[in-house]
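Once you scroll down, you'll see the structures, which are given as structure tokens.
Each of the next two complexes has chain A plus one other chain: chain B in the first, chain C in the second.
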Partner chain A sequence: MSDFLKVKDLEVIYTQAGRTVHAVNGVSLEVRKGHTLGLVGETGAGKTTIAKAILRILPDPPAKIKRGEILLDGEDLLKKPESEMLQVRGGKIAMIFQDPMTALNPLMTVGDQILEVLTLHNDYDIKTGMKKAGEMLETVGIPAERYGEYPHQFSGGMKQRVVIAMALACNPELLLADEPTTALDVTIQAQVLDLINELKEKFQTSMILITHDLGVIAQTCENVAVIYAGSIVESGTREDIFDHPTHPYTIGLFESLPNMTAEGEKLKPIAGMPPDPTDLPEGCAFAPRCPYATEECRRRKPEMKELSPGHLCACFNRNEPGTLKGGA
Partner chain B sequence: MANELIRVEHLKKYFKVPAGTNHAVDDVSFTIARGETLGVVGESGCGKSTLGRTIIHLLESTDGKIFLNDKDITHVNKAELKALREKMQIVFQDPYSSLNPRLRIENTVIEPLKMSGRFHSKAELKAEANKLMELVGIDERLREAYPHELDGGRRQRVCIARALALNPEFIVCDEPVSALDVSIQAAVLNLLQELQQKMGMAYMFVTHDLSVVKHISDNICVMYLGQLVEKAPTKELFAHTLHPYTKALLSAIPSTDIHHPMQRIRLKGEITSPINPKPGCRFAARCPYATEACQQPQKLEEVSAGHFVSCCRIHEIGE
Partner chain C sequence: MSRYILKRILGMIVILWCAGLVIFTLTYLVPGDPASLLLGKEASQETIEIKRHVMGLDKSFLGQLGSYMYNTFVRLDFGESWVFSSSVISELGVRLPRTLIVGLAAMVLNVVFGTLLGIFAGTHEGRWQDSLVMIIAMVFVSAPDFFVALLMILLFSLKLNWLPAYGIDSWKCYVMPILASSFGGIAINARQARSSMLEVIRADFVTTARSKGQKEGIIVRKHMLPNAMMPIITGVGGGLAGVIAGSPVIETVFSIPGVGAYLLSGVNQHDYPVVRACVIFFALFASIAVLIMDLCYAFLDPRIKAQYSKGKKVK
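Now for the complex of A and B:
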């Protein structure tokens, strides 16, 4: 198996006014060459922190990577000097941020913003660079004539395309897409997802797609990891998660979605609230909201265990893959 | 309709902008019955929020008429407006910015009660506020808290309690769950439905999320650039989707069913500008079925009982 990116036992904390926020607590994940891993979870689960840790763009302080390894092609990114990281960012690994309105420089033409990435990582002269930047615009469906326009002249969907063009400009091997379509309308979201899928295929890029939308995951990812309060609670192939969701939290997520096919049944929300990350429960972080929680769950944190090849779940009470059909 | 609560006739709301006139709501008509939920769905900028705000007089309409209980309320003076506010309320999208950060949540709920003049002592006000907060499921220990101490779901509950305070007949819910995580969103949707069953008010539920609108609505209006393009009872709309825009909207929702990938209708381009729109179908520029005939103004026509569509080509397109 060729795991292109391997994150091992990553722990990230933030120190805020003397308190410690446990944002990421021992996360391990793998992304294979050309595959997309969907990272799904709710607000504050630590999804974005993981992506930023991989790129090492977490502001330190307040953030601190306490332990773990981030292996890209076998090399630990956390051990690289900053000067080498500059080459990695935007070169080998690129990131698409959630909000296209703030991810672009308002005072720079969109073409020049793409050119900037290109010239940083290649020995292009201006002319070749500009031509290449224009081609990137075309790739994401924007006419190259709009090179000289500013971000405010574009709509939200178009701005996100520009952001994608920037991210893809240097043929990254790994793309970190942080809620790339959350700020967009559904019809535009559909266009952008199609575009990402097409480009992924064309350039054989590996990707981590971060989202809270299970529908987006279903349409784009080969593998899925479900994250809760800074820990992965279940991971596996798309089929494992959507056909055999096993962890009580994963099941809860599916059940709280309004269903497009079933008739007006009552929704089943997950009781309670995500835990305070400055004061995580001692045992399983989901235990206070879990209908199956036992004394053991409250005392000890469950480890990930393999239910079937590749399908992992961190729960004491679940030893068989679940049977609930996606969304039922 | 004997049971009619709200009737809107040819409602228009235009905004003057430097580039011309923004036709945010352009000739919209519908009725809402007592205790009914009307879902209004559309993408950002289609005028759905403006429509809700215009009906409850947060914005003054440009043209057209609004009726509440068969009484024309299009133009009201200050005293009448105050009385109207007791009957028509709103829950906003963002529970972070729609609560006064310096007011304890109990006092936020008390404010409308005070305004009404129906209560005569502090104790009465407090008792009524307590009743309301119990109704929406806010713990007793949180009543003295400030909004920043609450999470989004609880804040939205406070907003709902405030809207309910004077027993309104009609509440505009403007994307009330869009800012919430799914597990929290489900609880708030359930609450809204329970309250409606208990108290019988009508909702106009504005959202961009079709699965939410399907879950909660009796009838649905689909809006595109200030106009209704399709209007039908919920079941009918999903069973017999007719307008090309509604179809595209439905097909664009990423489905969680991994074994039956949906056939996506790809729309070209993006929503066009609502400023000085041309006559004719506003969706035509993006519509895969558009022809010459679509340049003519379109009318909302009833194609089967209660199902209205504004498209001259539906007979050729089919379902």
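Now for the complex of A and C:
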């Protein structure tokens, strides 16, 4: 199967008070039809920026897409005129936002907010639209009678369901889920993830799932890309990343997870802080925190190398797939 | 909801009582005997005593206060002007429309143009359109209205001879007072509208609306503006409460016999029935304006509406 979404060499900067923030630095990724790509990384690594860049809803100014291509079915979204992008947004590509508390307009009924996206992309009259919006509510497990209620009358988990209903209302081909469960408590997280998975399968939607939670990735994604300081450092199938983490940063991520089998073992957090995105290191961005860093790492930025088919890693020192424990 | 309004109206009555109490006490404490001021220096002590008795000034403070409160709030009789010996309430009735024409028209200009300019500036944040609007607003916020009024008189009355400089003889007389008193409000409102637009422009739900593929113009109208309206309404409501008081300054500059000028003359001539009646009226209109403002909030924001009607549970 061919790649449905292809992002090539995307670079996004923010300019603020004369300083340039390098948020995304040459990111390339692919998503296949019906597959889910997990995008993992720390807060501020540029995950959300990538998603918003795909939809072209970054606030400009201060954000600017400097270069790159975003190919959806072979068409470059970055070259499309704004009028055509309006059709893509909410229609072909939809987004689920991080914080359901603020993602809904507090002054509009939830039904009307779903109706809005429905009527934008379909030729419904109001009556059919309202019926469809009610059906969408039912799909995400909210009784259609609550159509006329306002966001403040819903709990956090329910609001996220509304956001999901809105995103899926027009059967998008690609769903960008930006930390859809971060703002929710653990029991609701599981429900929402199940719901997203179920609906994704029902509608045959491709998805980019942004998260910093490896557990969420394990549950939902076929492919994983690990992002650090605006660059992808390792990517591959879920098995590649979970069973053979290779990049020192990926290994660090796994080592900072609690291990349920080994008792009494201390967590190993990754030492140091992510680099200042206004002043990225010249070489590998992870070098200052990396236990394997050499002189070369500090001078030159490593390229992505294919370790095994589909498993890529950007590191000078790690040339074959690692193993989970005892990996160097 | 109707229970809420009823509660507010009862509260309003209490506020008016308090206003009456305070303004009566304050005018009572002003030094100088109104009767002797009224009769002039030549009047004999005897005449003054008779006048004091007629005006009821020879009674004790509590006695005077009691009959004032009884007359005002029970019989709804605001008395006669000491200076003109005419009924205060009918004088107010004649003057009020003039003040309202100027005030309300300025208010409408203020809301329409102030809000539109603010939205325009806010949606063009950081670009030259924004800077232009904000510089003009800054000028008019800083320029006192009497100064603007005088410049307008110089230009339109003396130089171009388009509009009369004073009086209330034709509709033309109202053009300059309305414009002169609206500029400051437009500027303030534009700044307010701009800053509350900027608050919602980056709100998450606006990004959500964009991600739905909604057009920018509709996003501004449907998502941003309603959410930015609250501070704008607060400003407008405050302005509305001030409308009835009129602008003594503008009314003086353009010689409009309105409510503001009436109050001013009352204060200058120790004509306390006029002062007291004006203050009670201002308090009444101010509380009505605030009530209307609060009802607007409820109309716009379902969360506030839910608070008002306590019956429903708010999550």
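One rule holds in what follows: the second predicted complex is superposed on the first by the 322 of 328 C-alpha atoms of A that agree within 3 Å, B and C clash if a C-alpha of one lies under 4 Å from a C-alpha of the other, contacts with A are read in each partner's own complex, and residues count from 1 in each chain.
Following the convention adopted for this analysis, contacts are C-beta pairs under 8 Å (C-beta built on N, C-alpha and C of every residue); 3 or more make two chains touch, one makes a residue touch a chain.
Since the model is a prediction, treat every value here as computed from it, not as a measurement.
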Touching partner for A:Ser155 - first (chain B), second (chain C), both, neither: both
First (chain B), second (chain C), both or neither touched by A:Gly91: second
Contacts of A:Glu116 with chain B and chain C, given as first, second, both or neither: second
First (chain B), second (chain C), both or neither touched by A:His247: neither
Touched partner set for A:His35, first chain B, second chain C, both or neither: neither
Chain B or chain C, by number of chain A residues touched: B
Which of chain B and chain C A:His22 touches, first, second, both or neither: neither
Touched partner set for A:Ala103, first chain B, second chain C, both or neither: second
Doubly contacted residues of chain A, that is, touched by chain B and again by chain C: 155
In the complex, chain C residues that touch chain A: 126, 202-205, 207-215, 222-223, 226-227, 300-303, 306, 314-315
Parts of chain A lying in touch with chain B, wherever the complex brings them together: 42-43, 155-158, 185-191, 193-194, 212-216, 218-219, 238-239, 242-243, 252-254, 256-261, 264, 266-270, 273, 326-327
Complex contacts: residues of chain A adjacent to chain C: 52, 55, 57, 59, 61, 85-91, 94-95, 97, 99, 102-108, 116-117, 120-121, 150, 152-155, 163, 166
Partner chain A, residues of chain B touching it in the complex: 43-44, 151, 153, 181-187, 189-190, 193, 208-212, 214-216, 248-249, 251-258, 261, 264, 266-267, 270-271
